[in-house]
Each structure stands twice: as C-alpha cells, then as structure tokens.
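Both of the next two complexes hold chain A, though its partner changes from chain B to chain C.
For the complex of A and B:
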C-alpha cells in the first residue's frame, strides 16, 4: 500500500456507494401484496382444499388405500335393484370422510382415483381453510367436502356442490388451461 | 409578561412540537426503512398509516410498567428522566430563526451549553443499564459509556473548527457570521462536518454504531428491562437526540435558518411571494434532511464490531479532526480571520 492509497483509504467512497444502492431501492416498485385485499393466484398444480364429487365416485376405495396416513374413511353398502328383469347390485356411498387436519396434501388420493374426470381433486387453489376448532371444523364428511361449509373459496372457484366441478381437475388437457368454475 | 408568559408559551410549543415530532419520526423511520427494503411499511392505522405514531403512543401509555424485583428502584426510575431531560433542554438555546420570537434564549456560550448538557444524557444510559440488574443491560450501558466518551473527543474538535471560523460560541452569532461571510461552514469545514456527523450518529447510538442496544447480541442493551412509558422515554430521548444532532449540524455547518444562497439570491428571497416563508421553515427543512440521512444510514450500513468502533474513533476520527482543526486554524490565520 503506497502512501497515496493510505490517504485515499480515508475517503469513504464505499459508504457513498452503499448509500447509492439503498437510495435506488427507495424508489423501486414495492412488492408487498396487501393480503386480504389482494391475493396472489396459486399455480394450477397448487394443492389446496379438497374438491369431491359424489356422482363421479365409484366407491372403489382406491383413494383410501393410497392415502399414506389413512385419513380417508369410506363405508358403503350394496343396493339391489331389478332392471329389465335382471338383478343389479350397486355400491352406494355411506360415508366419505377426510380428516383434513392431518392431511399433508400429497395428492396420492387424486393420483389413485380411476374415474375420468377424477372424483377427488386438490387443484382448487383454495387455501383459506382456517378454523377455530380443528377436530370439528377440519374433519370433512362427504356433505361438507362438497358444500365447503367453513371454507373460503379462492375468488373464481366454486364449491363442488355449487357447480364447481371441473371437467379436467388435474389440468391434464393443456387446452383446458386450468379448473375452477 | 416578557419574562414569564411568553417564554412559557414558547417552552410549551417547543416541547409539544418536539415530542410529537419525535413520535412521528418513528413512523417516518419505519416508512423509509420499508421503502428501502421495497416494502410498503405501516399503512393500516388511519389514512395511509398516518395515525400509526398516535396508536403506538397510546399503546405505550396503557402497557404494563414492569420493574425488575432485584433492580435499584430509584435509579431505575431516574434513568429515563436523565435521558430525556438533557435532550429537551438543549432546545432552549437552539435558534430557529433570526429574531427573538424564534428562539427561547440566546446565551453567549450556547455551544458549550449544548455539548455539556447533551453529554449528561449518557448517565441515563449507564444508570439504566446498571440499575436493571441484568447482564445484557450492563453490557449495553458499558459499551455506551465507552462509545460516547470516545466519540465526544473528535466531535468536540469538529465543533471547535466551527468556533475558530466563526469566532463565537453563540449559536445565533455563528449563523450570522455564515451570512456575513457569504459562505456556509460546510464548505471550508467539509471534513469537520463529516467527523461531526459520524460522531453524532455514534453519540445517539444509531446504526451503524448501535452497539449499546444491539438487538442481535444484547437483546435490547440498556433498555432490555424497561417497558411501557419508561421505555418510551428512552425511545423519545433517542429521537430527540437525533433532532438535536441534526439541528446542531444545521446551525454549525448549514447556515441555520438562512435560505439557500442567502446573498447570491438575495433579490429572490426578498420577493413578496417568497418573503412570507418564515425562517424556521428553512431550518426545519435542513434538519429534516439530516434526519433522513440518519434513517438512510440505518437502512444501509451493518453494525460495527466493538473493536472496529474503537479503532474508528481513536485511530481515524481523532487524528483526522485534529489535523483538520490545524489546517482550518492556519487558513483562518492566513486569510486574516476574526480575532
């Protein structure tokens, strides 16, 4: 270090440089999302609140078997009916419960569903499921899974019972470009 | 009347403006820091968040006021008072404008008064840290003591350069001299201004010299054990001290209440469209600029390590301010300065 450099070292140019950086940021566009008024839209594959459709469900129990922590509880019975002189047996869903408070949103139930379009899907973009009492309010039976009672749907998304049953919940057909209403 | 009512009114006005200003500085600080960090900052209380400072003050009023069981009760109570009183007392001599209406008093050793009184504030910090009976507080207090003693010296030398140039200790006279000479002292005293402001930042325990209250190491430093209004006093004292340092920098180096280029643009300032602007407006504008600089610093610089702090104070600022004093004194001597 020469004597000239030593003198220059006294002039705090780096400080001015740093001030310049923060000074620039002062006038940048702010990135804050004002949450209750503004929301970011989740991606299409985002796993949110369950959508469930009883009319699509064939009661195959695949989702319950696929669930790694066994939080899907299904009971059913057979109903016999006579159609055109033949006896027909049909499985009827009694209970379809999901203990959402323990759900880790792995989406394996959705993967396992053999129907097309799937009867259970997580791509609802709906994440405002907070509740004051988790055992009561986060345990969804088949009615609440469809009416979404106690869930605030993402703007533009409807509960399955209100017609929010997408044709392509898993967005497999790119042309459909998503789901929702 | 002249000796009781008018000064009393002035005192009340100054105190109110100062305390309200200090409260609002917290709001501005949060806003500026947020903007530097490309956030929005407080904007929920009142329109655009303007009532945030009031809400904070109300919150502090109703908060529980805890005193540690093993603390030194009287000193614990005394410390916040010791910190806020000197900070407010300094404003007795600060001239906001040229005539007597704009200041409380003008004493001929005002500069000495300011330096002396503002140094008393350090007792508040040390005693507050000691009486809390808490290791973190004591560490904060000790650091503060070492820091303030170290930085008082170069600050004194920086101020002395102005005294040499002005030939007076009266703050009013210093500003008058700047008007008469036609040059504000920040030009001949650019080094002194730098040293003064760095020391000022260090004396008010602000970033990057906020070691006494370094949150990440000492919890809250000397005010760890304080809560409620006592804590608010510490806070108010810190911000009032910021205003003091900024006001002093304005008076000493930036021509106090004088408008920009008071002599060159004299015809402009005499225009009726501009002449109604009261001198304190210019004063407050400059003070605001310095306070913005404080907040800008806080948004920019990381905290010094303690040995770096000491090295900067004793090995850089002290020699620089001494050399600068000699150069300035020589200049005044050669240019036939005032005696």
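For the complex of A and C:
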C-alpha cells in the first residue's frame, strides 16, 4: 500500500458516492400512497371479494369441487315445473355459502365455473374484508354474496335491474335437455 | 476448530442463549440455540417447525391443480417458481409438452420472481447489517414487479399463475410493453444499490470473510443456489438440466471465489442483471399461439414417480411426485432450497461473532415458510 492509498483510506469517498445516490432519490417524485386517504385501483384481474349470480348458477357443484380447502357449501333440490305442457325437472339452489374467512383467493372456483359469463367471480376489486366478528361478517350466504355493499357485476355484464339478461346458453341447454335423464 | 482457542478470557463461561423465534433478524420464526463464549459463537442449533402447516400432507388430498395454491405459501417471496416446479413435475410424469408461448411466459414470470425475491433478500439483508436505505429503494422496485404479476394473474404474492399443461390465461394487452419498460430501467437501479453498498467500508467490514464455506464443504452440505455459487461452484439447474426453454436463451452463471457473505452478495447482484438479460431475450422471442396444451379436465398422471427440480431464487427446488394413477398425488415430497441451505448455518458461524450470525442468516436468504412447509 503506497502512501497515497493510505491517505485515501482515511477519506470515505465511497460514502460520499452513496450519499450522491440518496441525494438523487431525495428530489424525485414520491411513490408512496397515503393509504386510507389515497387508494390505488386494483387491476382488472385482481382477485378480491366474491360476487355471485344465482340466475346464472346452474348448480353443477364444480366450484365446490375445485376449491382446494372446501369452503364452498352447496345444497340443492330438484323442482318440477310444467312448461308448455311438459314436465321439467330443474335443480334449485337451497344454500350457496362461502366461508370467506378461510378463503385464500386462488380463483380456482371462478375458473371451474362452466357458465358464460361466470356465475361466481372474484374480480370485484374489493380487498377490504376486515371485520370485527369473523364468523358472522365473513360467512357469506347466497343472499349476502349478491347484495353486499360494493358488489360489482361481472365486467361487461349489465345487472338484471338495468335490463341486462344473463346470456347462459349452457344453463338453458341443460334445463331444456332433461336434467333428470 | 478447538473450543479452547475461542476462549477470549480464561474465566469466561459458556452460555446458551435462545435467539428468536420472535427476533426480527431471523427472517420469520426461526429459533436458534446459540452457545456463546462472550461474543464468540461456539455452536448454533436451529430449531424449526414454528410455521409447519403440513403442506406435503395437504397435497395428498388435493387435485393436482388444487395443489398449486398450496405451493404459493411455501416460499412466499417466490410463489411463481414454486408453481413452476410443481406443474413441471406433473407434466414430466404425464409426458405433456407445453406450447412455446406458455414456456416463454413461465420463464418471464419466473425471472421476474427471481428479481423480486432477490430484492427482498437485498432489502432485509442490508437492513439487518445496518444499511437502511436500500430497503426502501428495493421495495419500490419490487412493487413494480408485483404490479406486473397483479395485472397478469390477479394476485401480487400468492400468484397461483400456472396450471398443468400451460398457463391459465394469456397476457393482457400492453403487458409486454410495461414489462419491457420495467426491465429497461432496472439495471440502472442495480447500479445505484451497488454504489450504495459494494465499496462501502461498513458493508465490507460486515461481510468480507464472514460466514465462509469452502466449495467442497458447500457441496457436501448440499447447498444450492447463490450459497453454492458464492463458493465458486458453477451449478445452476437452468444450465445443467434445462427446463422450459432455458436452453434457448443466453445467460451466464455468476460465481464467487471466497465463499463469504460478500461474494454471495456479488453473485446475487449479478444474477439480477442476468435475469434482466433473460427477460429481454424472452420478450423478443415471445411466440404467438395458445398458452395451454391439450390436457384432460381431470388430471390423472400414470402410475409412477418423477423428480423434477427448478432453479428457485433460493436454490434448487425439487418436487418428488409419486402417483398411483389417481387424481390426487400419492406422495408429493418437496426438496426445499432453504431447509438444506440452513443446515450449513452452524458450520458457517462457528467461531464468528454474534453480530455475524445475523449477517449469515441474511446471506442464506431463508424463508421459514419453505423450511417448515
């Protein structure tokens, strides 16, 4: 080590270099978001709180089978009705419950749903699901799944109240094609 | 090393202290029983299991696609590579070839995940050693990666973004442009952090010569990933057993020479640059076409067993899958990188100071979710 290196070793040049970096960052635009006041909009595919449409649901139980932790509980019964003089059997939902407090928002139920557009979806862009009483507030039955505050229709689908009809060819086909056969 | 050498004072007594599981520098719920003589560490015994969730047992009751969300939660800073290993194992057993677009998508996402994981490592490692500034810069960059993940698959951390046979959905319009914009500005950020740390005398004092492990020892302990490459062994699953399309892209495997904490730091910084290089090539070549191969709706691999491993950010992540022909795995064993890297911890810290223990835990880049599973 030469005498020049020895002198240099006393001068913390690399610390000054580091300060230069922090100085550069100091005068940049801030990237932090002050959360409760400012909110970021989740992306379109963001998986959040559930939305459910009972009209589109064909009670096929695919979502309950796809759920890795079995938190979707479905019970149904057959209902006979007479349409155009023909007897028809149709599956009717009794219960459609989701135990949201245990949900891990993997989205496999949405993928398994055969209707088009899907009858259960997680793209409601709602992520604030905190509650004081988890067993009551985070257990959703089929009524609450459709009416909770902020539930959004599936993208591109009008709510029935606005005159939109759920286009669901499979459900009609199934209902017409003799469910009981 | 003989213990008598380590006695700083003749009348000093050996003491056993419990370090963790709530200590912030243990990166989770790792508990260490540290036998110290004053400031010197005589021995360390890791005690694990505080985050045990029985994931391997859970796999046995899930369908193959239902296993994927569970793998997200093993190494929760690198969910994409966890998914990649599992679907790769099932695909190899079933003999499925995934479409080229799906393979390239997997590589892009996996390399982005490697960047994100290394950023968490750099942030927390530097914070442990006392450099607080990189933490904020790293997490800002990581957030941009997570935004890309959110846009692609809908989740930021537990991505669940792969399925057996390909990818569940295609990219959103404009995703590649945003990804390219991100990786173009990224190498400059890496240079910024290196300017903060690489020559910094405090950083060098805390890392050079700390936690040394020789190449022979590293191989004997079964280390993989940056801890192995830091010791000078050029071993990378992406090179030696290429999966997806890693044989079609060009990248270097950086290695260290001394096997100390500083070399592992240099290796990981260079790996980030190489990841950017891989992503850039993948984006250029990204072919059009389907993202999902033709697979049956209910996945039933034939009877047999397979071992498939990927290069996760922390090291070799392997899945040993035994199938009885049903729709659930008979046994799915995970070879986690962190669990095996952690075993070398006592070897690396013996004879060092207590403060170095924190540096060595940081440099091993452990995630307790993967160790305990």
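Here is the rule we go by: the second predicted complex is superposed on the first by the 148 of 181 C-alpha atoms of A that agree within 3 Å, B and C clash if a C-alpha of one lies under 4 Å from a C-alpha of the other, contacts with A are read in each partner's own complex, and residues count from 1 in each chain.
The rule we apply is simple: a residue touches a chain if its C-beta (ideal position, glycine included) is under 8 Å from a C-beta of that chain, and two chains touch if they have at least 3 such contacts.
Computed from a prediction, not measured in an experiment: that's the story for all the values here.
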Sticking to the clash and touch definitions up top, decide whether chain B and chain C on chain A clash or fit.
fit
Thinking of the overlay built on chain A, is A:66 touched by chain B (first), by chain C (second), by both, or by neither?
second
For A:123, using the defined touch cut-off, is the partner it touches chain B, chain C, both, or neither? Pick first, second, both or neither.
second
Count the residues of chain A touched by chain B and by chain C, then name the partner with the higher count.
C
Contacts for A:21 in the overlay, against chain B (first) and chain C (second): which applies, first, second, both or neither?
both
In the superposed arrangement, does A:29 touch chain B (first), chain C (second), both or neither?
first
Chain B versus chain C as contact partner of A:85, first or second or both or neither
neither
Based on the superposed arrangement, let me know which partner A:43 touches: chain B (first), chain C (second), both, or neither?
second
Minimum C-alpha distance between chain B and chain C after superposition, to be given in whole Å.
5
Just to be sure I follow: which residues of chain A are touched by chain B in one complex and then by chain C in the other one?
15, 18, 21-22, 25, 31
Show me the residue ranges of chain B that touch chain A in the complex, using the header's touch definition.
32, 35-40, 296-297, 299-301, 316, 320
For the chain A and chain B complex, residues of the former touching the latter
10, 15, 18-19, 21-23, 25-32, 34
In the complex, chain A touches chain C at residues 12, 14-15, 17-18, 20-22, 24-25, 31, 42-47, 66-68, 104-108, 111, 122-123
Spell out the part of chain C that touches chain A in their complex, as residue ranges.
62-63, 65-70, 72-73, 133, 137, 140, 143, 147, 150-155, 158, 160, 168-169, 172, 192, 195-197, 199-201
